[in-house]
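Attaching a single structure in structure tokens format; questions to follow.
Residue numbering begins at 1 within each chain, and the chains themselves are lettered A, B, C and D in the order written.
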Amino acid sequence: MSGTIGNKIKMSIFGQSHANAIGVVIDGLEAGLKIDEEQLQNFLDRRSPGKDEFSTIRKEPDKVEFLSGLVNGKTCGAPICAIIKNTNVKKNDYKNFENIPRPGHADFTSFIKFGESMDKSGGAQFSGRMTAPMCIAGGIAMQQLKILGIDIIARIDEIAGVKGASMFNKITEAKKEGDSVGGVIKCEITGMPKGIGDALFGGIEGRISQSIFGIPAVKGIEFGSGFEGSQKRGSCNNDDFIAVDDEIKTVTNNHGGILGGISSGMPIVFRVAFKPTPSISRLQRSVNLKTNECVDIEINGRHDPCIVPRAVPVVEAMAAFAIYDMICE
Amino acid sequence: MSGTIGNKIKMSIFGQSHANAIGVVIDGLEAGLKIDEEQLQNFLDRRSPGKDEFSTIRKEPDKVEFLSGLVNGKTCGAPICAIIKNTNVKKNDYKNFENIPRPGHADFTSFIKFGESMDKSGGAQFSGRMTAPMCIAGGIAMQQLKILGIDIIARIDEIAGVKGASMFNKITEAKKEGDSVGGVIKCEITGMPKGIGDALFGGIEGRISQSIFGIPAVKGIEFGSGFEGSQKRGSCNNDDFIAVDDEIKTVTNNHGGILGGISSGMPIVFRVAFKPTPSISRLQRSVNLKTNECVDIEINGRHDPCIVPRAVPVVEAMAAFAIYDMICE
Amino acid sequence: MSGTIGNKIKMSIFGQSHANAIGVVIDGLEAGLKIDEEQLQNFLDRRSPGKDEFSTIRKEPDKVEFLSGLVNGKTCGAPICAIIKNTNVKKNDYKNFENIPRPGHADFTSFIKFGESMDKSGGAQFSGRMTAPMCIAGGIAMQQLKILGIDIIARIDEIAGVKGASMFNKITEAKKEGDSVGGVIKCEITGMPKGIGDALFGGIEGRISQSIFGIPAVKGIEFGSGFEGSQKRGSCNNDDFIAVDDEIKTVTNNHGGILGGISSGMPIVFRVAFKPTPSISRLQRSVNLKTNECVDIEINGRHDPCIVPRAVPVVEAMAAFAIYDMICE
Amino acid sequence: MSGTIGNKIKMSIFGQSHANAIGVVIDGLEAGLKIDEEQLQNFLDRRSPGKDEFSTIRKEPDKVEFLSGLVNGKTCGAPICAIIKNTNVKKNDYKNFENIPRPGHADFTSFIKFGESMDKSGGAQFSGRMTAPMCIAGGIAMQQLKILGIDIIARIDEIAGVKGASMFNKITEAKKEGDSVGGVIKCEITGMPKGIGDALFGGIEGRISQSIFGIPAVKGIEFGSGFEGSQKRGSCNNDDFIAVDDEIKTVTNNHGGILGGISSGMPIVFRVAFKPTPSISRLQRSVNLKTNECVDIEINGRHDPCIVPRAVPVVEAMAAFAIYDMICE
């Protein structure tokens, strides 16, 4: 089941990079929720390509169309379907690689799994383009969370291992050399009510992870002090409790807002590792799947030297969906 | 839903640290699978307490009893239920902390979620003890995977940030000072068939993560080059393809055996960050939940200065369950 | 979760009677399945309105458009999305009943559940029109089952309690009098492999029922000898086993091809009770939801005096989906 | 997945007729629910064997033991596990039929599905005995529903086609002749809040059916006027709305309390068809699965000439579970 996620609210993503459309069905939303379509479109525009020097030049408006589920801008209790038409489709760009899997891409595993029937155009259902429908569902969730006082803000924490203003230079350098870089996005959820989540498999960490790993190119996630915390002592990593104005908080937040899988009321904090964009124009080695011959390939076409900037709203979207789903439960 | 996980095969864990028993129901297993009960018991013994100087002195045999689902040592197509009786229960150990949440534990969030009805003894359903039934279900999965030629081996990669033989000294030091340490477990799955998994939410990373975050104290996970990979360039992180004896492999394995959520046939590799055991005997600050008064607490009782050594088979078990579930799909 | 069903293959229906479109996402289909779009369109045409004297005069082509999931007429492993645009929408027809629930319809319960946000046009997500996307998903399942040698054929068994040729007169009579009639559809699945299904909640009866009760206006289902069988003695209702050409069959088929929830290899037989179309033009009593005043209403508009003939392919579709989902598991 | 059902609350049944124990895990219950264990035991006793002349003489106390999930008689937020030990196990009774499937039983299909690994004793996981754990989960649900003002009462409506006091004679007659009879149970749910359920696959009919068909020997279900309603005209089957003391009701209840899958506030009414007990001591024809030879068999052993009386609390239990699950959603 590649495109479906959620318990109380189910998101079913469909589409491929070069299909007629991509989109999402959202089932289980309460009736009467106001959807601000303009705000949603703005949210999607944040992940749209072609905005700055770092992103691919495939310019598509990514205009959201609602096919069902809304009456006068409000949910009516029926599932929502929203689509984005694929308008700027150039299948030929990928013709050369039909039998030659690009390193770091899903071409090889996709061929193994789906065989000759796989969609060979532009990453198909593995494409970063599939994050647009994620942003539709997640963007709707964010609007509802906002009303509940919950804010989700992600930002770039590292690019190519560099934190700070100079990190963008890393993209420019890589681009110049036909290469790419990865990075880390940090996400913070504030205003989170206490007591959401559950023990063991019902924990927030697991639920958010499942959502976040649905984003192509994600290879790691950590909550609170995460990997760094594993190097500390308990006396240093434990967060003492204090009472502030009759509300119990923790002095520090190494637990990232989650204890025993359940929200503590402190901000939920997690970091997500993105691998460098696998599409690079430098020479790489691969194998022709028909002939088993080793070949050198050079990938020319439109692609981002770093997808991290465009992935920021996607991380927010998937976190929002996971949290909203848990709250609605 | 705190105790249930799996798609084709469902594991339902039950029990609390101080309930009459802990156990698991496994639904969806094919009939005719041979379960080697002795080997399973040995597997469980690897996570049992009281084996060495680093672990708690609560000694329990953790003897697995099958209530259903097996006929002459083979699955019969009906769900398996296996239990472990809780024999060495000292509720009094925890009496003092009834209203005072221990830092780093689930006491506070559990109280917020469940209120006065929460089980206040020894971590209840949040206890590390719940990993024993995980090992039953996972141990059974491992036996089946073994037959398919798939091996899952986890090992301690770091303790308190130290790799290598001296890392165990870190536990001894911490113990001496009434403190605790965390660490990282690395897990490798070899013999993995190509083509398992799916795009987006059906990916192996998400499925394994969901399982692994069910283990108490896990705060991070990364696949392949993970966070370190996010610091590299694409040209360095991409794994070139080569043909070796007519089989296509990758030269390196930064992708950790997973491309586009699907197995490539290379070993699946992931690392899991465990926080330091929250139970320490050093003075900590907390708040009385009834009076909102700040208090200092000292936790005396049986607990591990580092749970990482005992968590090794648990990581194997949960990885095995996730992989076996995906293969059975 | 109103629109989602299936375990291994998930169907997510969306749309309302008067939305921009209705449609379905099908997730979990294997790659490489050939979809005969013309045959599928023909299948859908069987449930289309406006074909004969008994059905509503709302004429819509109900043309299926695939947005994703197919490449050169074959599944590519990504979810399929198929839609039907709603072209012949007359919202005014329903304006008069906005606050007056029609007897036998979902208007009242829909208002209670969704409040003012409900979609008030033409039955919305409760409309018989939602059976069109069911036919898309089910029609695809039928094509795959056909290849496996499994045929699903439904037919009208009763109309208004009458079996046989004269039963259609019952529709004509009812129509003349501004009234409607119900009926029973019998469905037979032949070529069914033995051993599909499972005990208890995994049984075929439960799986088919869940699918069939998704069809609006269904109020009963029985398998094999069903209600009549409950009046018999065991000696009469039990089906003796015999060996015919080395294959074990039953002499009779009171069990309807299902024993212990599992297929026996005999044809699966079930009957489905449809209530009379609730839309009738005769005077009925209702209550204004705003004023609580009792009112008399007369429903003029387009509607079928009997939906049973058009429901035949829908029963086939939903049975096919349930069976195909179970087989794929 | 044979033993698992439920969305917000999951029931996982385990055990076989002759395993060490049968039982159930209930995951997802809120913390703080009071469970009256004595009342629950009384409820289970209603389905226990050996109470009257009509039922089998296998006398077992069916004593419920809670292994987890309760603290001081209240749910603590962890999954409940409750078991019943199998004490009166006579495997030999079934030895003779090991390779000869009993007509009307699951022996044949079970053999096809599970092969030699099937549990051959006393119906195994297909046994009526599995309804005891259903009564545990359902009995707990009923206690909670009671607090919400919802009552579920099932009663025998027909035995062998006869309604009324004389229907029990049918059992006596059948018993005398080594035969068995079936019947119909009618269930009524009163105090049901309006607005529970959803359109299409989220409808109450589908949810209750899925639960009820989990009970062995059920072959049909109908809601409200059901099959009889399919013989009526719309003008006769539609239920007019009226306002009584400012509350909107229907004059009649042919819709059985469900319109568009959603509760109307009128009693939910459904009828369930049970086939005659397949175990009869009269001569029947079968086939030896090893030799394919036709054989005559006579089943001596303990069995009910009619299971309908004992099934009454089971129908209540499964209806209660389905309704409670929907309400908790």
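Going forward, a contact is a pair of C-beta atoms (placed from the backbone, for glycine too) under 8 Å apart; a residue touches a chain by one contact, two chains touch by 3 or more.
Remember, predicted model here, so these are calculated numbers, not experimental data.
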Tell me which chain's centre, taken as the mean of its C-alpha atoms, is farthest from chain B. C
Go ahead and note the Å separation of the Cα centroids belonging to chain A and chain B. 26
In whole angstrom, what separates the CA-based centres of chain B and chain D? 37
Roughly how many whole angstrom separate the Cα centroids of chain A and chain D? 45
Please list all residues of chain D that touch 2 or more other chains. 1-4, 13, 77-78, 110, 113, 125, 198-199
Graph class of chain-chain contacts, one of line, ring, star, complete, other: complete
Going by the contact rule set out above, which residues of chain A touch chain B in the complex? 1-5, 7, 13, 101, 103-106, 108-110, 112-113, 125-126, 130, 158, 160-161, 174, 179-184, 194-195, 197-203, 205-207, 209-211, 213-214, 216, 218-227, 229-243, 246, 248, 250-251, 254-256, 258-265, 273-280, 282, 284-287, 289, 292-294
What residues on chain A touch chain D, complex-wise? 8, 77-78, 198-199, 329
Chain B residues touching chain D - in the complex, by the definition given at the top: 1-4, 10, 12-16, 19-23, 25, 27-28, 31-32, 65-69, 71, 74-81, 83, 110, 113-120, 124-125
